[in-house]
């Protein structure tokens, strides 16, 4: 259970897969250690970046158990329980508490788009049934609804709701959230998009859920530390690096999943884990992989030769036959 | 298995619930007989109207088995397998084929909004793995993506894809679909919104998936029959009745689910089944129920006194304590 | 002034231009005669198809005067006065009444998107200041707001508001409009998209504002006549022709203006008028013109050789230097 | 003409009106002096906050001339020339250059939503015809199109395009803009929403176009100065004040124009100018005025008694009869 207010960098981990039904277990172990080695402050499983809505439930539960066992209390683990089926959210929360997870995270249900009163009902009802603190997850690009700042404020009065992660990229919204919660320094307000991390932590936000921390965890911890220290010049310098990574790796594909595909493809190139995507999404094909490869080299990322003969690559070969 | 082209009225059945985990079994039986008594041409389970995305998987599988057993071949049964988890779609299709279902129906995955090439990949891959014919389900209000007419045309070449249900309400889109498929009279093009049924069947569409047929199945069969017969005056007269029902019953609530709540509430008033909604949605409260009650009377619907003492009402009483 | 209820086909005329500041006067004269020769029931100037928002005010006023003089009472003329500047709407209405126009048409103001109460205020205030009957113009793709059916119903009580043109393509919306206005047969409900004309007139709508009637006016009059006569088979046959025209000519470009560019380009190929677009839009370039040329031939449209040496072509040559 | 890169606070001035056809000339004079007394770095006329699209052209031209004469070179004046009519943009630019304006500003045309290639054509063509430097104005909430960062980058190569104002509130977009233009420190990147001013200037942005500076110009200049000095604590303290103003005054109404109405109503209460809105918008009614009055008092704003007997109030009384 979360006893202190969550602060810092909490990477939303991608989910390494061998195929649609199977975790890439070795890749997963490497990835967790790779991320923790960057001194992050927590780990967030089964968010959007983790492709949670597309993973079958066995995989989701297995992932939670495996990662908690491996992390073994080194950092708090958070688990996304977003679902259209209410009881599946509760099931995953139960597995989570048994595995030693610190908190759960839920975006609004996403087929019947709820109104604000429905959101208040939903989150209140959910929080009251959960064995763990709940973080609200504002993700309008995927759920098609904003959790209004006033709705967050109202829900913050529920003792079992501990914070909010905002992935809207809307800075006015984010600042309104922070303003409305100014008397609640214990209620975490975390930003999603890594491209805005410096801007908001410098002004007092609690931290960020930076997807790029799958690749370069220390970079985002450095941004956070510099911002907390009020070292504007250093934040600006590191932010420039963050923007270069974003420009190089996240815009290769055309669709909503380009970010995840770019991160997974990069991790595969770095010899960490497979780039297999959960169906219905496909990983990048050869042209896009070559593009990512070149851009990683330009960014100065070391790509071990041995990785190209690793189990990861064998997975890729098998998978590519589907295409 | 579907051997002939699907034509006529295929009501998207609501799912009668006792609570979030339990079917209202007696209500379900009454509802199925009520609908079949209207001479409909098929029955569509687990669509949007059936609240499928919010139902747990046990309920979905149980519903399919129960209804198929009860229908016992009197009309073709179709089952919605829309899901963000690919394997759950396949699981439900497997249960469906074993239960004797005629075809399955899938809307696009709805968290990561796919592009058109991704839709073609997804549906091709899905259709090739299915033991039953597949109907495409265009539902942009909920999935946030249109299946382009050209995408439907391309997918119609797959032998295992048998038709399309369009719930966009966009008449230009619908007519483009019909034009592009003019040389494929065997490929069913069905309309979702019942308010447009007359307009399109008169001009040659195969039929409709009219949600209001949960309440008044014969009315929609009559619209269909008059339209197929080219009896314009009769279609206009019946359409007027359809519009009156729509105006009276579907706009009572404020949110996306108003239609389903209105239908379920009306069915409860008619003594057929419970009006419990799957979480996170709530059924109508007393004020809204009274409004629906009055409007049903205005529409001349018989509301049996005995129904107000039925098991249905006991369910309602229990449920209302949650609010 | 409009004395009778408007019914039938009222083509939204494109605006023939020599350049951004100058009407193609000869082309305009040919176009008006070409359209009237198709036995249409009215003529609508300065709608979306007429590129009204992009035309300077001198051009708008000149166009109204010229066309009224030429039409000389043969059919009612309607003029679009949609504007973000209230007084410019009034100015154009004043010119219109002096020129002998029958009614004016206004879409909602389109920079500050109004709410429904603001729409009621706006249209009431406008209608009360106008010297001519007003038609409401629902055009959500361009104005980003629907005029709710209930708003139209309320406004229909204003004696100076005579009807509504709906270009939403939403058939449920259109049927709701017609249902709410069922006791007002004198209040014209016209449909915008020509691809839906048959569907709605067959069921009693007053007519349509078909953009394709710039090219083939008689075709749409024939659809209308067949629909009014309840001749379903004939409507279906003609609708097939309408869809073929739509498929061939309106989807050549990529942007919102593809429809207008396609119509203007076709008219130029038919030797009727120039295809110059008002800035900031460009007419089609050579490749797209060749495509349209081929498709017109496939549709069996006669393209006079002489037209290729006409003033129209000289305008094109001059204009193409801008690109 | 602009000779140096624009930096600092450039308030988008509201337009004081007596009625739809008449400037509130005395109010305008007071307002300009009120704003300049706050040590702002420029003045932006006829933006969205200035209700430009709803003002008739005489008013727009008169406003430019009057304000330029009054400012008399004390700060650079910028003028919004956004229009759907190309020649009206040019006309206003001509008046602007004659009046001594420093630069013009244009949002995308807003009835036919352009694609990115059309935006490049439009802005290139416009810039090449203008006698003054042009600033791009990204305003997707009103124009329904984003000017892509890559489009801005491409247009920045045009010598006559001097900068961009971004009112999207999307912080990822804003940071992408700044990253792509990192080698062009002379190209101004200004932020629209005042609630984000501190966040971005601290990280190096050139300044902001803060609507609240109509009311409290010095506050925003103080935010800017503190941010440029890297004084994070001071920026945070002032930002808190900015958020309080925003919360108190900008959310009183329901529609898109609430911000402008709130600013105008506050200025009227402060005795500076009239709160009349250009049609079709109405100013706040008595209840809303009372609310704003109370909130200004809570914010500690001095409301002179004499103002309540000023010409401003007489204008209000006259106007209120319209409602």
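In this document, chain identifiers A, B, C and D correspond to the written order of the chains, with residue numbering beginning at 1 in each.
Basically, a contact is a pair of C-beta atoms (placed from the backbone, for glycine too) under 8 Å apart; a residue touches a chain by one contact, two chains touch by 3 or more.
This one's a predicted model, so the numbers in the text were calculated from it and none came from an experiment.
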Shortest contact path, chain A to chain C, counted in steps: 2
Chains contacting each of chain B and chain C, listed by label: none
Centroid distance [mean C-alpha coordinates] between chain B and chain A, Å: 36
Chain B and chain D: spacing of chain centres that average the CA atoms, whole Å: 50
Sites on chain C at which at least two other chains make contact: none
Chain-chain contacts as defined at top: A-B, A-D, B-C, C-D
Residues of chain A defined as touching chain B within the complex: 20-21, 48, 51, 53-57, 84-88, 109-115, 118, 121-122, 125-126, 142-144, 254-257, 278-282
Chain B contact footprint on chain C (complex, rising order): 169-176, 178-180, 182, 193, 195-196, 198-200, 202-204, 230, 232-233, 235-236, 239-240, 243-244, 246-247
